[in-house]
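Labels A, B and C are assigned to the chains in the order they are written; within every chain, residues are numbered from 1.
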């Protein structure tokens, strides 16, 4: 049981990190950024390249290497996110929602296939940076170090984001744009800059999640972003889309539910659990756990 | 102030006596009434040429290409059925492969376990897919655009997992089911690509005709009203929940029947054929071709299914180009390559039959003579004047 | 349907609706007699449109009843309310912008038609007859509001005033016995407003009762038989236009709250 719980929290941390990107983009643009899951994949692959091809692990002690790599991956994926927004979303700012959603899908297909063409269609093995098998005994329970690192890393990143959004001027500007773009513009906020920033922060977190996942499972594939992306988006809906603490809560909750479901119901049905939870949430509490009800203006 | 208002009012009235131009209707009618729906209005010669070409196509193409055309036509019919939901009704539905799967597996199970003739399973497959759509769509039909999108992806994923896990011991797990008995029509077995060509062509033709008629009707209009403005549709008397469900069920019935055709053609049904990726492909056909447009969807099916085969060398780049094309299309031509044309109505006989604005004019004449007409507001003190002191004005 | 002359078309009884902490409609009661033109007025944000939405089923009241010809319709879905005979227009025009004027009016006919998918797919005789009748009726309504010539134009290409008229035509096509107009003169020029007065009277002459929200006081005072004044979600006065003008509470509501409304009340135009 505790075994499943820690596993669930570790994976849940990944979902939560990816969900933050969805929820922030949805908050400011009301758009599902379908390509976000593939930026997550990109992060995982870039991390692998840095570790293996550039031999990052050779020069530095494991934890330092992890830290340096994470920062580099986050920077690179943030740039990709920025480019994505410029090319695929900004021209569609004023179009209807279907056009933006289709563009997002197209971008997702493009990225996924670009990764496949570059790295090949097979599973790639991730370098064993932190000796995945090592475990720590806490209160008589043995917990793999990797799970602890993953959970702590994701919580730390979320905390930084939370403080950034709530305590800084730029964070306030982001919230203002999410609440009312027109009014934010009138208040002198450069809306384009803020949206670009959101498209850098979200993917940066997603890229970091990709690296953590690669380390955790030991292998990655070019199309894993679809499923992780969908689940992270579901996590964002569960928490209440547009709501940052909600995305964290939703991600962790979904991770735990899945781990428990896989253990006690059936591992085959694991992937279905997220969608079942989603349908139940949308039927009984469409605004998510932390979302607020908004009456439609007629 | 009052005097000014009264003056203005008199001016307006003078103008209304002259009658605003809008109500002076002359019989002059520049646009001659259009006759008949023009969408099918190909000239007879052209249609004959087209029919001849379609009927002789397999002998020109050879087996390999005929088979490809068969695939394309299956996708075309599937995309047309998705078009009802996505194109006409504007519902972001990305789980169409689920309905298709229900149909294909209905046929496969009935044919392998119970030896039911394939053709007999066709209506059953359609009915079961429709029923399935009704059951799953009912609780989610009220969801807004992108939420619906994610939930329908969920449906296709759940169906896929169910099929893989050999649900109820019926679906054969990841390997699927092998169908050995072919379709038989009056003793003639449909086996070769050429047989299938004519069989699928017939289905495509019937589909186009029926969907064309359905879209140019009260039903088709209702779906369009919902797509344009759901709240306005509901508030003008369209039972939006009912019609959204109807769109889902109609699309699913068709997809289910195509599942039968697919199962018979490919002889094996396995979960891989009904994945999320398949749903995305169908979605893209409709969106790129022109949502709501039959010709557009046919073009979309041709481009997305056939072109990659024609340029086989580039097959690795197929999906890459496809993704980039989706982005580019949305930026430069979001309505699709061939957006739907306007519906045409035979209104010529009604034009000028109703005296334009007659009721208004009669009313105006009455007003001129009628002393019981309501008191002119300019004669009454206004609220502001009242507040300033008993309505004496300034 | 037999209509008893003394049953009001619409009776609101103790209507109450809150959004979160805000009481938008507080114990609102009034009646619309048959054949009457009733105006619902009040400062901005007084809850007028919310009252409309409660009548037409767009919102569900927390308490109270909406009696249409004696039958409680509160909480029914909007399309059911339309079917019973209540049609509406919107404050911020909600036409099917990408469709022709004719098709917009046909939308109103929808609820009086029966043909479904099957009869359309096979063009059964009943379907063809029904379609023809609907077209005829739609053209008649377009002619009635003076838009016959524009039948093939897209709604979005019509002028603002004509879009409002088109909404009225669409509503009339549903065979309503009560027509609810939300700021019908909003955005119209003086000439169009003047024509609107005639149109609304012509609609009443057809036997259709009218309930309207309007900020243009000269229009309201001119055509309404009775007025209901709303402030902070509650009815503060009812009576004939002349009575309302003299009502001190109304004057205070307009002058005491915001100057824009006061100007509207003085007959000026916003």
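We adopt the following convention: a residue touches a chain if its C-beta (ideal position, glycine included) is under 8 Å from a C-beta of that chain, and two chains touch if they have at least 3 such contacts.
Keep in mind that this is a model prediction, so the values were computed, not measured.
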| item | value |
| --- | --- |
| Centroid comparison with subunit B (C-alpha atoms), farthest chain | A |
| Selected pair, greater C-beta contact count between B-C and A-B | B-C |
| Mean-CA-position distance for subunit C and subunit A (Å) | 48 |
| Euclidean distance of C-alpha centroids - subunit A vs subunit B, Å | 35 |
| Inter-centroid spacing, subunit C versus subunit B (mean Cα positions, whole Å) | 31 |
| Multi-chain contact sites of subunit A, meaning residues that touch two or more partners | 298 |
| Junction residues of subunit C - those touching two or more other chains | 58, 90 |
| Sites on subunit B at which at least two other chains make contact | 231 |
| Subunit B to subunit A touching residues, read off their complex | 90, 92, 139-140, 143, 145-147, 149-151, 153-155, 157-158, 161-162, 164-165, 231, 276, 280, 283-284, 287, 291, 316-317, 319-320, 322-331, 334 |
| Touch list for subunit B against partner subunit C, complex | 1, 5, 8-9, 12-13, 15-16, 20, 22-23, 25, 31, 210-211, 213-214, 216-222, 224-225, 228-229, 231-241, 246, 250, 342-343, 345-347, 350-360, 362-364, 367, 374-378, 380-387 |
| Touching residues (chain side subunit A, partner subunit B) in the complex | 31-32, 87-88, 91-92, 95-103, 105-114, 117, 226, 230, 233-234, 237, 266, 268-269, 271-272, 274-276, 278-279, 282-283, 286, 296, 298 |
| Partner subunit B, residues of subunit C touching it in the complex | 56, 58, 77-79, 82-83, 87-88, 90, 94-100, 102-103, 106-108, 110-111, 113, 115-117, 120-123, 127, 130-131, 134-136, 139-140, 143-146, 148-149, 151-152, 170-171, 174, 190-191, 194-195, 198-199, 201-203, 205-206, 217-218, 221-223, 241-242, 245-246, 250-251, 254-255, 262-263, 265-267 |
